[in-house]
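Next, two complexes with chain A in common: one pairs it with chain B, the other with chain C.
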Partner chain A sequence: MADPTVSVRDLTTWRDSKAVLDSISADVLPGDIIGVLGKNGAGKTTLLETLLGFSRPDRGSVAVFGEDALHLSAAAKARIGFLPQQDELFGMLNGRQQLAIVAAFHAHWDHALIERLTAEWTVPLTRRIDSLSVGERQKLGVLAALGHHPDLLVLDEPVASLDPIARRQFLQQLFAIGENERRAVLFSSHIVSDLERAANKVWIVKDGRLHWQGELDALKESVVRLHIRSRAPLPANLAAPNALATRIDGNTAMVTVTQWQPALADTLASQFDARIDVEGLGLEDIFLELHR
Partner chain B sequence: MKAVLRIGWTFFTAMPLQRWLNGIGIVLCGMLAVLNLKVGEPTWSFVFLALFVPAGIVTLFASPAIFHGLSASRSNQLLPHFHIWMLAALAALMIAQLAMFALIFVAAESSRTPLLPALVHVFTFATVAFLLMFLALSGQRWAWWLWLMASAGFIASRVMPSMRIVLDAIPPWTWFGASLAAWTAFVLWYTRTRHIGQRRRYWQTANRSSPIDLDENVTRERALGLLLSSALLSTRWRKFWNIVVIVIVVVALLSQLTDPLAISIRGFWGTVTLYLPPVTSAFWVYCVTAGMQSATMTIVRNSRFLWLRIPGSREDVQRAIERAALRNFCTAALMLAGVAALYASPLAGASPRQVVTHFMIAACAGLCGAYAALSTFTVRQVDLIHFVSVLSLVMAQVVMFSLAQGSWRALAIVVVIQLGCVLLLRRLAIHRWRQIDWLYMRPPTQYAGLFQR
Partner chain C sequence: MFVLNPQSGTPIYRQLVDQVTRLISGGQLTPGTELPSVRELAELHAVNPMTISKAYTLLETEGLLERQRGKPMRVATRRRNQAPLAQRLQQLEAAAAELALAARQLEIGKKELLTLVGDQWEKENG
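Then we have the complex of A and B:
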């Protein structure tokens, strides 16, 4: 197995006597495209920025390319691309000048890629940044994060302000990055359909904890909704193992379970003399069920 | 009415610094009032001053920023009768300030000046202060210069008898009429305008109209320099400033050639350079401390950009910032040396001790200001703590400056104290820098946190 690009161990951060990040341990491997999902205030931005050493955790450690995130060498920093949630572009520059400043810090800057993406995404590089729309600024921020072909790309809400066309183009670029097995991408988004399309792994952050981490397909296989139809009224205290949510209406019930095993359907069928239909859920439904 | 009261309350309490000072003012006022009643011969002017100085003056200077912050918000402009209520609240604020001043004035029994002209002067000052600051915050940079010139003129008028005579000859009602005209113009503009310029971010201080001298082939050093100093300013202003300095120096030296010219220039010179010891040197102590702390603080707040650009740990970023701050200090020291040379010239005719005192104390003040900025940042309440610390530093240095006028020994002691302070602040800076949290320590956005602390 390849060395992890990012290795997180027992990461804990407190703010005002509340754990913003709580005992998080995870690895980001080369080739991973990880979508980070969570409610507002769940700790996504804190997590992503702490991974890059912007914030010092109260407990635990983060290693990026094998180096302590709080003491990254120039070589390690050169392999990171980062797009913060709030853009930090210099308003009085134009886009070309902004990119020139970022390019100056990298030994290799793919001008051809930037030119191509600029044309495809229609980014007006000659206009002053403070006259650009929010979406145009966001595109510029993404370009600045991509130009040096980073091995670790961390994007905090990269598509929040993009139109559907730009979002699709951005996702295609992510696919292209994903084809390179050396690189890893970590991005947060509230647009679950995009995340579902682009990511091969998911981290679900809930109350500062990593509620789920793993392959997206595994998550979908793990969380299912069971439709139970019985001949007799179902008990009000119907309890299925690993149930996330249970809704009972007379002879029928809907139970969402995690860690799904087919044997459970047989058990429930015989227990309640019922027919069990298994419904696979999309990521958005799973997210909603996990937050009930 | 409720809206006016609410906005009026906001004028006094929006910034955390105001809330602290209001509290201090109320406590001081209460204590002095009790003391007064016990003593038997009450001097109520001190009681009112105790409230007015911390609460009133700060509110006067904070009100343009608060008024601008509320007015610039597009969503606020959609509120029913918003402009009218804002203006009504502003009028109430002005009346409250004038009433407070009148109380102090009346309470000070020794005053022989009639109340009304004094109130007119205060009203004029408040008008100039508010309008110029409001315009400056709306992106009219010339207003800052006008404000600076008006302040310099005010100080000069206090210390130069001839200028004071000229100003005193102007009838108070002229000032009052001019102020009313200014307010009328402002009200007409404010109630009709659809757009009020946004205050620029600290770290984006370039003039909107200035071209940026930056091409596509930026070196790493240049890019780092830009991020460190946020010196994205065009060289136009710098060139202009250099020319102004050269012209002043040349005129000053030329004026030595002919006596009649020297005499006439000397009066002008005293006004433009504020060469009025010890006011001048105290002014420089303030300028250099505040200027250096402000420049360094800008770099500190930009340090988030540097984290993924400068190799190594937080200490490495801190060292890069310290180097940038010291480079700024070298520039400031050069400017001070120029000023000291001018003081030493026959035009000003300051003694060597005065010149050295001025230079050494102001230079050390610059170092103190820079290290105060490096050391007093915290995750939150950064502006408040920073403001208070730098203000204390300036006041302490101005006091020390007056002590250092005594002898060479006194000067040496003061400089040693200042350098000791620098070393302490540096140690504190290094200690605190290890804890810097860029999740919160970001370049501030439009009025970030102004109303929400």
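Then we have the complex of A and C:
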């Protein structure tokens, strides 16, 4: 297997006697497109920033391209593209000037790509950045982060202000990046439907912990909702293995479980003399169930 | 050609595998038919090409599709032994369960449901 692009080990950060990152360990592999999901304040931004060495964790470590994230070489930094949640564009410049400055920092800036995307995404280049709409500004920020074909692209809420058409164009660009198996993308978003289209893996951050990490397909195959219908009233203390949520109402019950195995349906059916119907869940429902 | 719903609880690759499998066993996709390329399908449905590729690879492993050098995947030309009836029926189990559930919620009896399915079958088979 290829060396991980990012390797996170036991990452922990305290703020005001509360762990904002709590014992996080994870890898980003070349070829991954990882979607980072979490409630507001769950620690996504802190995680992404700590991952790139912008803040020092209280415990644990991060290696990016095999180097300590806190002391990255210039060569390693040149292989990273980052779009922070609050962009760092210069308001008094126009888009063209801003992109020229970013391009000057990179030996291999792809002018043709950026020109094409500027036209496709209709990014105004001749107006002052502080006069752009939030969405226009966000598109410019994404362009500034990817023009040098980074091997690691980290985007914190890149599409929050984009309209559906612009979001679709952004996804297509992510896929184009993903076609190169050397590259990895990590992006946080609340737009779950985009994550479902784009991400092969998902990280769900909850209370500073990586509550779930792995393939999106595996997550969907693991978390299902069972509808149990019995002839007799179901016991109030009905407990299915690996249950996330249980709602009992007389003869029927709804139980959401993880680590779903078809054999469980047979077990429950005979245990409660019940019919079991299995409902697969979309990512948004899974996210909600994981937060009960 | 395919209906892919990224928001479904069924992973996208699984939806594609099931549909191709059904179309091949149903004879709508005949041996030698070329499938859209990974990129075409990914672009059309705005989904990650990796997920399409995962489905195609799985279908290739199952012997339903074959890879051609520099060309799109196609439905396997080698005459396969048809899968046993039990296995083909198994592919319909999920759809049948869903139908039965809907019928029960609508308080439709077994006889009426079977008549409906029978009528639909007649329509499909002209």
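To be clear about the criterion, the second predicted complex is superposed on the first by the 292 of 292 C-alpha atoms of A that agree within 3 Å, B and C clash if a C-alpha of one lies under 4 Å from a C-alpha of the other, contacts with A are read in each partner's own complex, and residues count from 1 in each chain.
Basically, a contact is a pair of C-beta atoms (placed from the backbone, for glycine too) under 8 Å apart; a residue touches a chain by one contact, two chains touch by 3 or more.
Computed from a prediction, not measured in an experiment: that's the story for all the values here.
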Simultaneous placement of chain C and chain B on chain A, clash or fit: fit
Arrangement angle, chain B at one end, chain C at the other, chain A at the vertex (C-alpha, nearest 10°): 160
Which superposed partner A:N200 touches (first chain B, second chain C, both, neither): second
Which of chain B and chain C A:F54 touches, first, second, both or neither: first
Which of chain B and chain C A:N40 touches, first, second, both or neither: neither
Which of chain B and chain C A:G280 touches, first, second, both or neither: second
First (chain B), second (chain C), both or neither touched by A:Q259: neither
Which of chain B and chain C A:T126 touches, first, second, both or neither: neither
Touching partner for A:E88 - first (chain B), second (chain C), both, neither: first
Chain B versus chain C - smallest C-alpha distance in the overlay, whole Å: 29
Intersection of chain A interface sets (partners chain B, chain C): none
Residues of chain A defined as touching chain C within the complex: 31, 33, 168, 171-172, 175, 178-179, 193, 196-200, 216-217, 220-221, 224, 277, 279-285
Touching residues (chain side chain B, partner chain A) in the complex: 200-201, 203-204, 206, 208, 212, 214-220, 222-224, 226-227, 232, 304-305, 307-309, 311-314, 434-435, 437-439, 442-443, 445
Partner chain B, residues of chain A touching it in the complex: 45-46, 49-50, 52-56, 70-75, 77, 80, 82, 86, 88, 90-93, 96-97, 100-105, 130
Complex contacts: residues of chain C adjacent to chain A: 6-14, 42-43, 46-51, 54, 97, 101
